[in-house]
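Across the two complexes that follow, chain A remains constant while its partner is chain B and subsequently chain C.
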Partner chain A sequence: MSITKETLKLHMKDPAIFCCRREKGLVISEADLEDPSLFDDMVDAGLLTLSPDGLKIEQVLGSTLLQDVEALTPITAEVLDKVNETASPAPEKAVEKKTAETTVPVIRTENKGDGMIHIEIAKADHIEGLKLDVPAFAAGSAPGAALTESFVPVPGAAPSGEKKVIRKLIKKHMKIIKVELGDKTSIKDGVLTIDKSVVDKAVLEDPLCKSLALDVIYPDQRHQYTETIMDVCPIATKVEGELGEGVTKVADGVVFMLTGVDEDGVQVHEFGSSEGYLDEKMYFGHPGCADENDIIIRCHAVIERLTGMTRPGPFAAHKCQDYVIQTIRDELKKYDGEIVREEICEDVRRSGNPRVVLVKEIMGQGAMHDNVICPSEPCGILGGQKNVDCGNVPIMLTPNQVRDGSIHALTCIGPATKEMTRHYIREPLVEGLAGDTELDLIGVVFVGSPQVNDEKLWVSERLGSLLESLDIDGCIITTEGFGNNHIDFIQHIGQAGKRGIPVVGVSFCAYQGQLVVGNEYASAMVEENMDKGGFENNVAGCSCVTKEVAARAIQMLKNKMAGVEIKPAEKKWNNDVINANNRLLGLPETVLLDNGTLH
Partner chain B sequence: MSNTYEFPLKQHIGGEAVPCVVEGDEIHKGQLLAYQGEGLGSSIYSSVSGKVIGVEKGLIKVVADAEQPEEYEKLKSTTPLELIKESGLVGLGGAGFPAYAKFSKPFKNGGTVIINAAECEPILSHNIARIEKKPEQLIRGLRIAMEVSGADKGVIAIKEYHTEAIKELKKANSDPSIRIKTLEDIYPMGEERAIIREVMGKLLPVTALPLEAGAIVINAETACRIQEAVDLKKPFIEKDMTVAGKIRGNEKLIQIFLDVPLGTKVSDMFEKAGGDIGHGLSDGYGEIIMGGPFTGKRTFPDAPVIKTTGGLIASECFPKGPEKIGLLVCACGANKERLEELAESMGSKVVGTEYCKQAAEVGSTRKCENPGRCPGQVQKVMALKKAGAEALLISNCTDCSNTVMSCAPKLGFPVYHCTDQALRAVNHKLIRRIKDSQAG
Partner chain C sequence: MLTTVEGMQSEIFVPVTPKPVFSELKKPLSECKVAFITAGGIHRKDQTPFNTSGDFSYRTIPFDSEADELMVTHGGFDNSDINKDVNAMFPIDRLHELVDEGFIGSLPKETYTFMGGGGNVEKFKNETGPEIARKLKEQGVDIVLCTGGCGTCHRSATIVTRCCEEEGMSCVVIAALPPIARQQGAPRITAPHVPIGSNAGEPNNIPMQTAIVKESLEWVRDCPSYNQMKVLPYEYRHNV
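So, the complex of A and B:
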């Protein structure tokens, strides 16, 4: 169809192609031109060949045709009486940073031509009046839901709202340098000894757990076979106060890794599991994973036959592991070794700053897709409630509660795109938003993703009312996994969007996770993918929220709240655009993992 | 707009209806114009009050009065099945099989009535629009169909992304024997046997009728019209439709019209959508399609809306095709004759025709052995290339198109699809490659 005046505005710099055969003498208007959003399909099908000599829409409007031209062929200068003048490309310039003291700075950065960076800041006391055109990035392309990512650093430090501390949490990190299996559980001089008979008691915690085995994997022993990785769980314990306040001790340099099979040797959640060589199956250093130098205590569970894809089966494994970890927590409470690092976490209010919330959509489909919320001990099981049992309704936590291990994750199909327990205790978006002096982070909402579509809608509507009542100026919504959960993810974005709340979506989409649904509000999206082919590559923790993803998302939220135009996405996922944005923000390059998924 | 309404005597599968009015007769809205002849067929009623101005071969013409009444002449039968038969209702999914005939053999030990609410053709959206507006009407129509057929279960099969319609249906339904089955969004999920496969878990052979799976499949609007026939004693005189494409003004490219009087001129529908100038159509368009982009047929501005009219789409102008073109025919999309017509409009000569391996011949038509679950097409593409074709024109369903697209462009073979000009006309994504997605 010829395009409308409205559509025309979005496509002035796209190729000009006639939708129908046009004859000599015609004065070209928008009604004669094909909609550029269809070009990719047409090029793919071989129906259209774009030419470098082809003119852009802005160059041909109002010109007169000197000869007949067929439909679907590029319009070139020789068939027109004139070509409209357009701004010639300016030389490339780096993004300028604002100097601190100016009151009404004007910043212009132009890089026109193919790369198109155009940034204009008319008044930058805060982030008002910011304009920019930066290369769009694309992740999954789906009807109505193109992903876009673009931003510019907010210049200088804006005056922040007054900081009021509501509560404080101190995380005391204590270094573990050695782990042994012995006769009695103890921590002494940085050496953790675990009573090897504890597994016999632990296995009694749940009849579905048939056996439990511990072994220790040092950093130089990573190239060894592992059954599917169900979770990575830190060892942390409360010594003062409730979750989210007081004092927590965290054992550094060591994590638990839960693996599991059923009695027939079938991997738990066999449907995208991560068994294989450990060094190839975990993205070491990502928030949910073990770090390069961590000692891994592997807790391997064998659960009852055929329970691997039920709710109770995997939960039994987690529960029994937690029994083991609790015996260590009890020792950690007493341990008076050196505090290597004190991490001060504050729940604050910064009145006057834009009020924002972080919404984290977590798995809630049942089976192994579940999460225990607010257990008694950090990252524990006991005392917590499962979000599936809670009907997956949105639950508000304070940033400190999240940072104190309020979420124990039971999620592992599609291991690359799921957030494990360790992720939450050091969630980059929570850290980033809580520490941002330009924002006022009201809280972190956890909302489960139910299995059934109408439950998804129901939950999403509850989230919408909650967001409305919070009277916020913006929100970031993340999800884990892809496909099924994208249905509610997009609904959530719609719930915020239709209430006029600026919203940024964060997800793995890339190639395999292209959005299956969309709406008009899903216009500011951040891609998490780190796989070369854009696939779920079964490397645990590969494509999740990282520091870089968080930085891009927060910047995009600021842009969106400031009314900065976010360009529509390219049709296909393109990591170059993500890296262009990384460069704009001074972030390291997003290097994709080559795991043989590239087609 | 014109005030002449035309009623062809054959708008359905079966024999021509027999006229029972003569030129000059004053008639009322809902009055019988032609009754069902012997054997399979359907009666035809006037959708307007007015005067018969012609009973020609195969056609009755009526000039409508300026003022049209709300009321209509009511049907006379007393039992539901007789009312359905008397109403002249046919299956509204496109083929036009007389509705009563589906109920001719009631189930003895229970069975399932499946409402086909897939509305599978792209662009068409009047079925979902009605469901969202009157969900209770569909539920009631289904209830009647279950009673008439002796079924103990009712299923409404609808694509999963129609969340609003699904919500409305659930709200409206309190009958535990009726459930909703959601379908994946690919063409041809709405094909009768595809629906049965999805709902009953049983793939029927191409020659079988749904009854062999213990099921009757009826289109969503058919069920709504059953409700009108039985509860309101209303003859079948109005049809829902989607009017789309190159509508003048270029603003609303897809419009829904509910309860359009049968016999209305096609050009009048475009005038309703786009205004009087140029009959509401843009200056240049390719053709007018009656039906959906996949299986619709070419029609003309003077033609009347008939019982099976679901869509009226003014397509984009035809691009100039290559000199020689090859046809790949899929049982789920346009047939050979339709593709030949499209090739001619593109100015291309057909040098070869191949059929998808799964397109089994059944009588004079073809049916897909397993709709939407498609075989590779490389062999067919190669054969057409060998025949001298410079490009392909295909009518394949979503999945087949995917397989064609995975080979043809690599062979330097441009691929045209029978739905292209219709989809371009509304700026929809073209039917080409689909991307895989996984749950999780």
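So, the complex of A and C:
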């Protein structure tokens, strides 16, 4: 099958392959060439072997064939009278890079509210480190817009990227050294006592919850059986301001772990459920998990039979646990023990830096696949709205709101690849992007993944419009889980890509979760897998966004925004590729967990 | 000014659609033996449930099973619709009605079901798929209809359907997630507007289920070439 002139334009830099046998003396045109979009399939089917000596289409057009050549054979220099000169890749890249830099408008450097335009040229051909302060026009006359035209041509002009703090959140960490069950809930001298009868009241919060039990697991007691882990939830409470600002107290050294079965003993959301020995079933230290030294308060719920795979059942367990946690939050508010660490979180603007957003696709298919957004208390339930009830539409949060526990995750089916509640309060991508002085993190968009295909596309369109209106220079899109949510994930990447927004995708894929759909914009992708077989294993929090994943994603985004090439992926999951990227960035090796998954 | 690092490589492969496979239907529907397979985790209540974290085994379902002898074991989607009516995923009652009506010729003695969620691609492609295809072919099946539940379920459903098509049977995937069926190379696709878990229509809505099955059969007959999709005008939403 030969190609048309239109197809030709898209593939000038792809390999030149004859579609049929061609004879000596032929002057090569598009009519002689095979469509490069079919090459992947042909290679897969063993019909075609590409050669490193093969020429590109732009190099062979108009050349004359010196000998007969068979169909589906790469065209090499030996069989042609001439090879067209084309620009070598190196200078091209330099041009792209320069374009990327020069298009950062000066307008972003100016708005400091002091009536001056501040320009700093970090590096140019003949100038280095020059700063210019130019008086602006009268306030309110949009001076930047007027000045853009005259100032943009300055090559290499660097933006200021100066930090402006919008709001501050202080997280006061207070250490809990002992947890016991007793007669009255209190916190004293680092000892948390929980009224053991609280479960009797908590269970009344939802009729689908049939019983609730608490016990305490110290770090040296991890080798004990646990039912499936539905969530890991920090204990944190507001003492001043709303979520994302003011002061929050966080209990350090202790977390809640919700487990659940139904009345018949069936694991709640039994799909990669994580029942078994606790020390083998949680990836301790990962963002969503308990840390090695945490005391775990296990809250075990039994819910009505057959409700484990419906939406209200698992939610009942979360709601009843939240009642218990609230009684502790109320004590934490009053507790005047030692502050072991003050964590200052800032929502900032760094005007002039590339504007980026983080898009987090969260579960929204119903059943347990849901999230509570912006509850009244950090990581709580009450006062929040469920993602599914909001129609899964994109919702913008500030980085501080995320870091203050705005997301309570209900999504622990297949817990190895899901983000539990604790994940969000210390999300490595949020921390990484917010702290990066080269970027301007505009916000964090949460978007649900609906159950119906039409709705997935509808929601993704809404995200596309949002990204466009935010006028961003780049974005990172993450998803949790794999399979149907990858439809939305790839759509979202397409929504950014088709608007010319550089985009990096982050997901668990590996072997079992390999993408079920794709498009041409999914060209800078970061793998979360940490299972040896490339499967979703049954270790809670195993394959998720870690610091290393975040670092690779942020670097890929910078590369993409600056026009620095990211090589295409191999045709199969290969952990060596991930580790090669790790080495380039000085990150520790991604060591895979051997959990006996099939491969 | 952005720090850049040369030499990084994308870590995740974007799939390509596999090579075409297409067996034209050569007889009228009323003379065809029609099988229905599903990746949606349906099995008889007296059989071992599927391992919901990934399972490439299959169950043999005699077509004279009653609908209430069947159940679902699948963790990838909300099961409540199938709990109400197994015909929402595996429309066994509708198939018997279509035989009685003379719309199709007959049903084979037995069919095969699996749980495609998180399905192992190589195992389904090289073991389970060919085995199911061979067993259906041995029973003289002409047409295979297939449903799948969650995302990877649609992938597994499509892989097994392709195996059946390769054996010379004419197949269609009734998809709640049509982009996956398309990308994974389903020979033919029909797409009602339904949530995952109710591919064959709203539970207990017999007219809708019948229409989806009938029009999918007609698409097996009428679909002109490989990987073509027909959107079916039936919409069902459930508020989970």
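Criterion: the second predicted complex is superposed on the first by the 438 of 599 C-alpha atoms of A that agree within 3 Å, B and C clash if a C-alpha of one lies under 4 Å from a C-alpha of the other, contacts with A are read in each partner's own complex, and residues count from 1 in each chain.
What we mean here is this: a contact is a pair of C-beta atoms (placed from the backbone, for glycine too) under 8 Å apart; a residue touches a chain by one contact, two chains touch by 3 or more.
Values in this document were obtained by computation on a predicted structure and should not be read as measured data.
Of the two partner chains placed by superposition, A:V216 touches none, neither chain B nor chain C. With both structures placed on the common chain, the touch criterion links A:L470 to neither chain B nor chain C.
In the superposed model, A:G513 lies in contact with both chain B and chain C.
Contacts of A:D454 after superposition: both chain B and chain C are touched. In the superposition on chain A, contact of A:F482 is made with both chain B and chain C. Residue by residue along chain A, chain B and chain C are tallied for touches, and C comes out ahead. When the shared chain is aligned, no partner comes close enough to touch A:L593: not chain B, not chain C.
Of the two partner chains placed around the shared chain by superposition, chain B is the only one that A:L72 touches, whereas chain C remains out of contact. In the superposed pair of complexes, A:C390 makes contact with neither chain B nor chain C. Contact with chain C, but none with chain B, is seen for A:E438 once the two complexes are overlaid on the shared chain. Put simply, chain A uses residues 41, 44-45, 272, 413-414, 453-454, 482-485, 511-514, 516-517, 536 to touch chain B in one complex and chain C in the other. In the complex of the two chains, the chain A residues touching chain C come out as 40-41, 44-45, 97, 101, 122-123, 158, 269-273, 306, 309-311, 354, 365-367, 388, 413-414, 438, 451-454, 482-487, 505, 507, 509, 511-519, 522-527, 535-536, 538, 552, 555-556, 558-559, 561-562, 564-573, 577-578, 580-581, 584-585, 598.
Remark: chain A residues 1-4, 7, 19-21, 31, 34-35, 37-38, 41-42, 44-47, 70-72, 143, 272, 413-414, 417, 453-454, 457, 481-485, 511-514, 516-517, 536 touch chain B in the complex. Contact residues on chain B toward chain A in their complex (touch as defined above): 160-161, 163, 166-167, 170, 182, 245-246, 250-251, 253, 282, 284, 316-320, 391, 405, 408-409, 412-417, 420, 424-427, 429-430, 432-433, 435-440.
Chain C contributes residues 1-19, 52-54, 74-80, 83, 117-118, 120-121, 123, 150-155, 176-180, 183-184, 191, 193-197, 237, 240 to its touches with chain A in the complex.
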